[in-house]
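One chain, chain A, links the two complexes that follow: it is found with chain B in the first and with chain C in the second.
Right, the complex of A and B next:
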C-alpha cells in the first residue's frame, strides 16, 4: 500500500480507536480533554499522541480489569519503573498474528530451522528479562532451535556445526540482539550464506564502538556470507508491530497497519523527509490500551517515501534522546 | 576504605591526600568575624562582580553581592553580644551537586564565623564551580596564610570511608541535598557532641492577589513577570525555592483575567530573554503534565511553545510539589489568603508573593505555625540567598555561645 492510500486508511481506523479509548479509558479521556484534542483528524500527524513514558508512570487500559489476559512489562533501566501494557484476549491473539504477517515477507510461509544468537538460560529464567521475552517471542517463527551460546555464555561451536550440518543447505532463520550478533557471530567462521538474519535491540553498544549499519552488514556478508539481514525496530508498548529493515538495508519499513511520523521537537509539526526529529509510532494493534499513537524518545529521520523496495515510508533510527536533568538543590551524592 | 582512597584537594589546590592527612594539616586560630576572613571574602566577592564574569554567570553576580563588605559586617554585627560567641570548630559541608553556587554561601558564612571548613564538592560539579575555584585561588594570592591553613574544598568519588572519617571528625555537618542524601549521610555517625544541619527536599509556590495585579501599572507588571521568570527559569525551575504552583487570590473573574495577563507577560519575558528548553526537557514536560491530567489533577494543559506550559489545577489542594520540568506552572484559585493554611505542607519552603501587605503575611505566618513555609519574599527574590535560610539563622548555627557571668 502506497503512503497516501495507507494514510487515508490508517487515519480512519486510528481516529475510531482514539474515540474508543476516549470512552473506555478515563485517564486517557482526561488527557485528551486537558489538551483539547477533538476530531476531525485529517492527517496522521493531527492525531493526539501520548508520550510513551506514560506507560511507565500510569496504568492505562481500555478494558475492565477482569478482561485483562496478559500484562507485558518492559525492561526499564535501573531506578525506573517498567512500562505496563494490558492485553485482553483479542489483543493478545492479534499481536503474534500480525507479527507473523510482517515477518512472512522475509521468512516465507513455513517455519524455518532457527539459530538463536543467545544462550538457552535467557529464556529459562523464571523472571523473564526483556531479552528473554524477545527471544521467546521470535522462537515461535522457527523450529529445531539451536543456541549459539552455551549455558555459561560461551560460543558453542559444536552446536552450530551440528545445526549447519542438518540445515545449512537450505534456508534457515538466525535471530539475535544486534550487539550479540556482532560480538559472537562474526568470529564464528561458519558459512551462514543460506541464513536470514533478523536482529533488533538497538545500536547503542555498537555506536560506542563506532560501528554503523553499513559496517555491520558488510562484515557479516564478508565473514559469514550472511547477506539477507533485517534489523527491526519495535517496542513493548506497541507489541506485535515491528518496523522491518528492507533487503537492501535502505531503511526500516512500516507494515500496512502501522506508520511513523517524525516530529520536529521544537514545533511538533511533521518534519520533512530528510529532517531528523522524534519518532512517533502509530499502529492499529493497541485495542485494549491507548497505545495506538505514541511519541517515543527515539530520534529518527524519514529517508524516503514510496521510493524503496517496499511501499510506504522508510526511516532510520538515529539514537535516543537523553533524559532531561534538573539542576535542582537535591541529589548531592545520588549519582556521584 | 579498602585501598586507602584519597581526596582531591581543589582549594587550595594541593593534589591528592588521604583523609587523615587532610584532617591533620588543618590549622585553627580564627575568630568569629575574623578580619582576615572578611578581607579574603570581600576580595573574592569583588572578583565575582567583574562585569564580564557576572554577565556570563549571573548567579556569580548575586554571590558577589552577598559577599560585599557591608553585608559581611551586617552579618557579624547582627550577632547577639550577651554571650561570648565562638566558632563551632570543624564544619563539614555537603552541598548539592547540581546547583554550583550553594556551597559558597554555606562555606562563606561558616568561614566568617571562624570555623575550619571542609567542603565536599561533587566530582561532577559544573563549569560554574570551576570558575568559583579559579576565583578563590586568585583571591588567595593576597590573603593571609591563615585562610589556606583553615579552609579546604575537596572532591572524592563514592567513598564511605572518607565520608565516615570526615563525619566523625567534624563538629557540625551541613547537608544540602535532599531526602536521599540526608538519609545516606545519617548512616555515618557524628561525634557525640556534634550535630547535623540538614536541608532536605523542599518545594515552593507563589501567591498573587488578582485585584492587585489588575490594578498595577503596566511597568510594575512587567517587572514582576521578569522577577517571576528569574525565580523559575534560572535553575530549570528545580531550585527548592523556585515556585511550581501560582495561587491566584480573589474573585473568579478577577483571577482568570489576572492569570491571563500574567501569562502573556511571562511569555513575553521568556521570549525576550531567549529562555528555551531542549527536546529532552520538552518531552519531560509533556510526560509530567499529561500525567497530572491522567490523574485528574489538571483540568487543562496549555503549551506556549516548549518553553512555557500552564496547567489549570482541578483544585488548589492538587498543587504538585514535585518537579515538572523547566517552565511548567500549575495555577489554582483561592478565595482568600487564609485558604492557604490547610494546603501548606512541611516541605513547602518559599512563598513568593505579590499584592499583599506585611500584616497579612505575618498573620499567615503565625496561622501556619511552623507547619511549612520558611520564607515569604516578593516575586523576583525566590533565589536570593539570605543568612536565615529554611528557618535557620545560619551564623548562629555556625557558632557556639559561651556564658560568662561574673
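Right, the complex of A and C next:
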C-alpha cells in the first residue's frame, strides 16, 4: 500500500481506536482531556501520542482486569521499572498472526529449519528475559530449532555442522540479536548462503565498536555467504508490529497496519524526509491498551517514501535520545 | 489406536501430562504446561506422529485440542470422531 493510501486508512482506524481507548481507559481519557485532543484528525501526525515510558509508570489498559489474558513486561534498563502491556485474548491472538503476515514477505508460509544464534537456556528460564521472549516469538517461524551456542554460551560448532548437513542445501532461517550475530556468526566459518537472517535488538553495542549496517551486511556476505539479511525494529509496547529491513538494506519498512512519524524534538512537528527526529510508531494492533500511537525515545530519520523495493516510508533508527533530552520530553507530556 | 487416541497421546507426552489425563477440552495457555515452548514441542511431535508439515499460520491458530484435531482433518488425517 502506497503511503498516501496507507495514511488515509490508518488515520481512520487509529482515530476510532483513540475514541475506544478514551472510553475504556480512564487515565488515558484524562491525558487526552488535559492536552485537548479532539477529532477530527486529518493526518497521522495529528493523532495524540503517548510517550512510551508511560507504560513503565502507569497501568494503562482498556479491558477489565478479568479480561486480561497476558501481561508482557519489557526489560527495564537499570533503575527503571519495566513496561507493562496488557493483552486480552483477542489482542494476544492477533499479535503473532500479524507478525507472521509481516515476515511472510521474506520467509514464506512454511516454517523453515531454524538456526538460533543464542543458547537454549534463554527460552527455558522461568522468568523469561526480553531476549528469551524475542527468541521464543521467532521460534514460531522455524522447525528443528538448533542453537548456535551451548548451555554455557560457547559456540557449538558440531551442532551447526549437523544442522547444515541436514538443511544447508535448502532455504533456512537464522535468527539472533544483532550483537550476538556479529559476535558469534562471523567467526563460524560456515556456509550460510541458503539462509535468511532476521536480526534485531539494536545497534548500541556495535556502534561502540563503530560497526554500522553496511559493514555488518558486508562482512556477513563475505564471510558466511549470507546475503538475505533483514534487521527489524519493534518494541514490547507494540507487540506484533515490526518494521522490517528491505532486501537491499535501504531502510526499515512499515507493515500495512503500522507507520512511523518522525518528530522534530524542538517543535514536535513532523520532520521532513532526511531530517532526524524522535520516532513515533503507530499501529492498529494495540486494541486492549492505549499503545496505538507512541512516541519512542529513539532517534530516526525517514530516508524515502514510496521509492524503495517495498511501498511506504523507509526509515533508519539512529540510536537512543540522550538522557537529558528524554527528561525534557517527558516533562512536556507530564504537564499534559 | 485411532487418530484421536494417537493425538491424545501426543498431547499428554508433549505437555508432560499424566497417562490418563483428559485432554479433549484443553486450550493453549489455559494450563501452565501448555506454554509457548511446549506448543512448539507439541507441533513437532504432531508432525512426527502423523507425518504432516504444519505451516506457521496453522501453528499459531492451533489454540485448543479441538483445533488440533481439526487441523489433522485438514491434512487428510481422519479425526472426525471429535
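Basically, the second predicted complex is superposed on the first by the 324 of 336 C-alpha atoms of A that agree within 3 Å, B and C clash if a C-alpha of one lies under 4 Å from a C-alpha of the other, contacts with A are read in each partner's own complex, and residues count from 1 in each chain.
We adopt the following convention: contacts are C-beta pairs under 8 Å (C-beta built on N, C-alpha and C of every residue); 3 or more make two chains touch, one makes a residue touch a chain.
All figures in this text were calculated on a predicted structure; none of them were measured in a lab.
Engineer: Of the two partners chain B and chain C, indicate the one touching more residues belonging to chain A.
Structural biologist: Comparing chain B with chain C, the partner touching more chain A residues is B.
Engineer: Please work out whether A:136 is in contact with chain B alone, chain C alone, both, or neither, and reply first, second, both or neither.
Structural biologist: It touches chain C, and chain B stays clear.
Engineer: For A:28, decide between first (touching chain B), second (touching chain C), both and neither.
Structural biologist: A:28 sits against chain B, while chain C stays out of touch.
Engineer: Going by the contact rule set out at the top, does A:123 touch chain B (first), chain C (second), both, or neither?
Structural biologist: second
Engineer: Which partner chains sit in contact with A:111 here, chain B, chain C, both or neither? Use first/second/both/neither.
Structural biologist: After superposing on A, A:111 lies in contact with chain C but is clear of chain B.
Engineer: So in the superposed three-chain picture, is A:91 touching just chain B, just chain C, both, or none of them (first/second/both/neither)?
Structural biologist: A:91 contacts neither chain B nor chain C.
Engineer: After the superposition on A, what does A:164 contact: first (chain B), second (chain C), both or neither?
Structural biologist: Neither partner.
Engineer: From the superposed pair, tell me which chain A residues show up as contacts to chain B and also as contacts to chain C.
Structural biologist: none
Engineer: Along chain C, where are the residues that touch chain A in the complex?
Structural biologist: 29, 36-37, 40, 44, 47, 53-57, 59-61, 63
Engineer: Quick one: in the complex, what on chain A touches chain C?
Structural biologist: Of all residues in chain A, those touching chain C are 69-70, 93, 96-97, 100, 104, 107, 109-111, 123-124, 136-137, 139-141, 143-145.
Engineer: Under the touch definition given earlier, write down the residues of chain B that touch chain A in their complex.
Structural biologist: 94-99, 102, 122-124, 126, 157-158, 175-181, 184-185, 199, 201-202, 235-240, 278-284, 286-287, 289-291, 293-296, 298-301, 305-306, 323, 325-326
Engineer: Which of the residues in chain A end up touching chain B in this complex?
Structural biologist: Chain A residues touching chain B: 27-28, 30-31, 33-36, 50-51, 53-54, 57-58, 60, 265-266, 278, 295, 297, 321-336.
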